[in-house]
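Below are structures written as structure tokens.
You will see chain A twice below: alongside chain B first, and alongside chain C after that.
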Partner chain A sequence: MRKSKNMIRRGESKVLLLMALPAFSIYAVLYLYPALSNLLWATRRWDGNPESEPETVGFRNFTYMFSNDDVFIQSLGNNFRFMLLVVIFQTGFSLLFATYLTKNTRTTIFLRTLYFFPTILSSVSVGLIWLALYDPNYGFINASFKALGFESLALNWLGDSRYALYALAVTQVWFHTGQMMVIYVAGLQQIPQELYEAAQVDGASRWQQFKHVTWPMVLPTTAVVVAYTTIQTFRAFDLVYTMTNGGPLNSTEIIVTLIYRNAFFGYQYGYAAAQTVVLVVVVLSITWLQRRTLRLDYGVK
Partner chain B sequence: MKVSKSAKAFKLLVAGAFALSATIVPISGAIANTPNLGAKCTDEGMNTGTTSRSLICVKNDRGELRWARVKLSSSGKSPVSASRSPAGSIEFHHWRGEDKTVFDAIIAKFEAANPGVKVTQVIKDSTSYQATALTTIRSNPKAAVFTTFRGGQFNDFFKANMVTDITNQRFVTNNVIQSALAPATVAGKVYGIPYHSLFNNPLYNADMFAKKGWKVPKNWTQLLAFCKTAKADGIIPFAWPAATRGNAGQILNSFLMNSAPDLATIEQRVIDIESGKADLNSAWFKDMANKYKQMNDAGCFPNNVTGYNDSVAPVDFATGKAAIYPTGSFGISSVTKANPDMKGKIKMFGMITTDDKPLYEGITNNTFILSVNPKSTSRDQQIARAFISYLAQASVAREYAVGTSQHTSIVNVDYSANVDLLNVSDIMGKKLLLAPRFLFLNVAQVRDPMEDALIAIGGGADVNKTLTDTSAKIKQNLGK
Partner chain C sequence: MIYRTIKGSLLTVFALAIIIPCSIVIMGAFKTDLKIISEPLALPESWNVDNFKRLIDSGSVYTPAKNSLIVAFFSVFITLSLASLAAFAISRLITVTGKVLFVLFSVGLAIPGQVNIIPIYLLFVDLGLTNSLTGLVLVNIALTLPISIFIITAFFRDLPKEMFEVAGIDGAGPWRIYRSIALPLSRPAIGATGIFLFVICWNDLLYPLMLITREDKKTLPLTLIDFRGEYLTEYSMIYTAILVASLPMVIMYIAFQRSFIAGLTQGAVKG
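What follows is the complex of A and B.
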């Protein structure tokens, strides 16, 4: 009896494996193989010409990147600054909006839809809209500052290497805050109402309720939001490409735009492959660190 | 006081006649001036076509306007008609989304003339096209006809054996202005037809210049003086789109053309920078960079120029806020689209950046190189050749040119139906250099950072620091 059950299980698992095969094949061909072959290409130097033989250079691409490539180091720094700004402000604003818009009333649903709206636009459209807004001579932003008497704040937003990255970060926050807000609303709606009632009975203020009930209960959602936002900032290719193309003087260059430039304009495929390896390692490390920090925090509570 | 009906009708008639004459006279007046070689002409720049037999109205040594020969070498042979195409379907890959409608109409006629043939346009924007065309076309044999940019991209296709030798095709030897074939010729063999004859020189608002009594600057001192005059008048002298690298780099052509005593020196200097033998701190380059700074100091550029992009610049020029749009003949269509009233008011001048006798007076470029895919089947290659031979017919090239405000490299094309093409044609009578900016073949590692540096300097950045920093970047790029 037991034998036949085992046989059935074995049979079942074979069927299950067989059923997973199509999905796994697609995954293997489209993701696994390119990812693994990318590791190999990262140790080569090749100009993309099928007539020329790739040269194996070992770890030279990696050592060169960190010792001799100022633009790469600058891009890495830009990416970290961009990430930090966007993670802080996007998470902050989305949580703030979500706490006010958790309840399902006509007004809150309308406002949620309104805030979510930018998310459904394509990145290129968002880039073009903000390009017009930021125009130093005719844009709405500078026109508003001038009209309000703040002439000194009417800056050359995207044309000055001191401000361009911050201007892009503002656009990115505007673009995705609504999306993160929706995730937060879902998380907040899961918090049992009794916890707030108990806190109110204990005489907790609104801030205390947020600090001792909302924040700890919403930490798992925050972990998702922060991780997702981080990844978003590392792949903000289209926005950067449309608005500044990495300029002025590489001040808004991030790793993905640099990889694109090296591979498709510089024809340095091996070097670009090595940079993608660094990108993956960096994103994985940051995400792991964030999740660890937030989980620990949650555990202590 | 009542005005009678007949008086009203008379007024309307006079107004109508005036409007009609105002529209027709400037165009017909010049053409009506019998264009005989050496005879007087009245409208500088008017011409009768682009073959070497065409005439153009230019100033002679005594400063008199006379009909002269256009200095273009033609094929010198009788053009041949388009070859017949076998039935089948191919793709035509290019980057000119703005030409889609015109090409659709041309393709429909080609298909009607060759039953069973289907040509589908595959269009990407120019930046994506530069980045991905080689990979896409190499793996797609159906992409039997494609275009490449002169310089880096054509070079990449050639190195990858992705262009077919068409040297002996009769439409190549007979229908194309032979000097225009240079960018697609390697070791005496022709691998494509550069369909576009571009003129990468500043466009100016001739109407505004006439009304303000301004003279087109003919040397460096006059150029800086003009900037000060125009700025004092509240006009942006040069609507330089510095935030859009592609078009911001067009004036580099003008700076390069007179940066050395001869062409060989210009070419050698480019090679030296690309090979890392010299850097941007070289005296000649620093001298050129200083001129960008001088232009900035003289108020030539708009405020916040490094944030001034190429969607704003043509509009400023089209709406009379700017006097000069320093890009090229390809910029005309965006200007007239922004303001149809600019039709017939745009002219072109060679930007001279020296006070000495200039080596060259203007820039030309031959690009949009039409080639046949060697990976395609022989039947598809035959269709591709037939299609290119069809595009190389003067009547077809005329339709394309008039519809897109774009000169072509095809002989015997009559441009008179497009007043803007006629108006910028006087540049053809000058000593032109094939755009030297494209001598830089290493776009990502050398040309882009170099142009970024010049843009920053044009925006007021320190010359020495910017050139030193960028030289270091280029050195690192070349060592990767």
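What follows is the complex of A and C.
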């Protein structure tokens, strides 16, 4: 009896493995294999010319990147600043709006749907819309500043290397705050109402309620939101490419846009591959650090 | 009192920050460039469709829209089919193999997809898959499989085990259980995942930019990027193009709000 059952089981797992096979084959050939071969490419120098052979250079791509490539170092710095700005403001605003819109009423549902709306647009559309809004001469933003009498604020937002990265960060926050807010709303709705009632009985102010009930309870959600936002800022290729293409003066160059430029305009495939390795290491370390910090905080409470 | 005022004004400001740019685009599509600059927020004098006619006559709508639709449809359909099969297998396999499979797919979640830009490009050049919609579909499938499998596996694992066991005792094989029990039950989860995937594939720029150079294979985001250079500050054309390219998503969003929001956030949470 037991034997026959085992035989059925064995036959079953064969069928099950067969079901996973197509997905796994595609994944292995077009994801795992490229990811591994990228490590190999990172140790090579090649201009993409089929006539020439790739040359193995070991770790020289990496040493060059960190010792001689000012643009790379700058783009690393830009990417960190962009990340910090977006993580702080996007997380802050999305949590704030989520606390305002936790309850399900007609107004809150309408506002949530509205705030979420930009998420469904393509980065290219969003980029073009904001390119028009930022237009120094005809854009709505500067027109409003002028109309309100703040002539001095009518700046060349995307054309000035001092402001361009901030202008991009504003667009990114506009783009994804609604999405993060919805995640927060789901997290906030899980908090038992009794906790707030108890806090109110104790005479806790709104701020105290937020600090002692909402914040600790919503920390796991914050970990998710911060991690996701961080990853978004490291792959903001589409938006940056559309709006500034890394300029002016490399002030908005982030790692992915630089990789793209090095590979497809500089024809330095090996070097660009090495930069993607750095990108992955950076993203993984940051998200790992964030998770640790937020969990530690959570453990203390 | 102060709290309510601050809350009300902050909510209004952000609502306006979304409504104003969107209405500038929508109304701009019916205006001349002159009117867009002088009265960006005014209603158009008439809802004339000259801009749309010009856009269609330029020949840059039909082909990219068709290409985008083909790529997004096949990418999503194939990914969902393969992912739901694999997820079913992973959630049912009690052996070590099942766990190994799951871990291998999870690796794809941990590694950001951009790591593959260079090797995919070089591989696709070798295979002759540049300038091909099939190539784009393949890239989309490979990039979205890990997250889809992850989401659907989580859903299958939450289903009550008894249901499968009863069917197993009744003599139903894995195929039968997958088709008659697992799939029908997971329709909402798969639908939400499908929307999430559709938005990604419809909006993607990076891979088409790398892989497509021929005019007749371009997708909508690529055409929009070309518009940036071609029409510079001719905002009437740019706004019309944005409106046309976004319309399918907007209509779907209005029709399936709930699944949209669920799909696009579960992608974030699980990823």
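Just so we're on the same page, the second predicted complex is superposed on the first by the 278 of 301 C-alpha atoms of A that agree within 3 Å, B and C clash if a C-alpha of one lies under 4 Å from a C-alpha of the other, contacts with A are read in each partner's own complex, and residues count from 1 in each chain.
Note that in this section a residue touches a chain if its C-beta (ideal position, glycine included) is under 8 Å from a C-beta of that chain, and two chains touch if they have at least 3 such contacts.
Small disclaimer: the values here were computed from a predicted structure and weren't measured.
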item: Superposed partners chain B and chain C on chain A - clash or fit; value: clash
item: Touching partner for A:Ile183 - first (chain B), second (chain C), both, neither; value: second
item: Touched partner set for A:Glu51, first chain B, second chain C, both or neither; value: first
item: Most chain A residues touched (candidates chain B, chain C); value: C
item: Which superposed partner A:Ile26 touches (first chain B, second chain C, both, neither); value: second
item: Touching partner for A:Asp69 - first (chain B), second (chain C), both, neither; value: first
item: Touching partner for A:Leu249 - first (chain B), second (chain C), both, neither; value: first
item: First, second, both or neither for A:Thr230, with chain B first and chain C second; value: neither
item: A:Tyr260 touches, of chain B and chain C: first, second, both or neither?; value: both
item: Contacts of A:Tyr115 with chain B and chain C, given as first, second, both or neither; value: second
item: Touched partner set for A:Tyr138, first chain B, second chain C, both or neither; value: both
item: Set intersection of chain A contacts, chain C complex versus chain B complex; value: 48, 131, 135, 138, 260, 264
item: Footprint of chain A on chain C - complex, ascending; value: 3, 7, 10-11, 14-15, 17-22, 24-25, 36-37, 40, 82-83, 85-86, 88-90, 92-93, 95, 97-98, 101, 104-105, 107-108, 110-123, 138-139, 141-143, 145-146, 149, 173-175, 178, 199, 202-206, 209-210, 220-221, 224-225, 227-228, 233, 235, 238-239, 242, 245-246, 249-250, 253, 257, 260-261, 264-265, 268-269, 271
item: In the complex with chain C, residue positions of chain A that touch it; value: 12-13, 15-17, 19-20, 22-24, 26-27, 29-35, 37-38, 41, 48, 93, 96-97, 100-101, 111-125, 128-133, 135, 138, 140, 143, 174, 177-180, 182-183, 186, 206, 224, 228, 231, 234-235, 237-238, 241-242, 256, 259-260, 263-264, 269, 272-273, 276-277, 279-280, 283-284
item: Partner chain B, residues of chain A touching it in the complex; value: 48-51, 61, 64, 68-71, 131, 134-138, 156-160, 245, 247-250, 260-262, 264-268, 271
item: Sites on chain B touched by chain A in the complex; value: 130-132, 134-135, 138, 156, 159-161, 242-243, 245, 302-309, 311-312, 442-445, 448, 452-453, 455-456, 459, 466, 469, 472-473, 476-477, 479-480
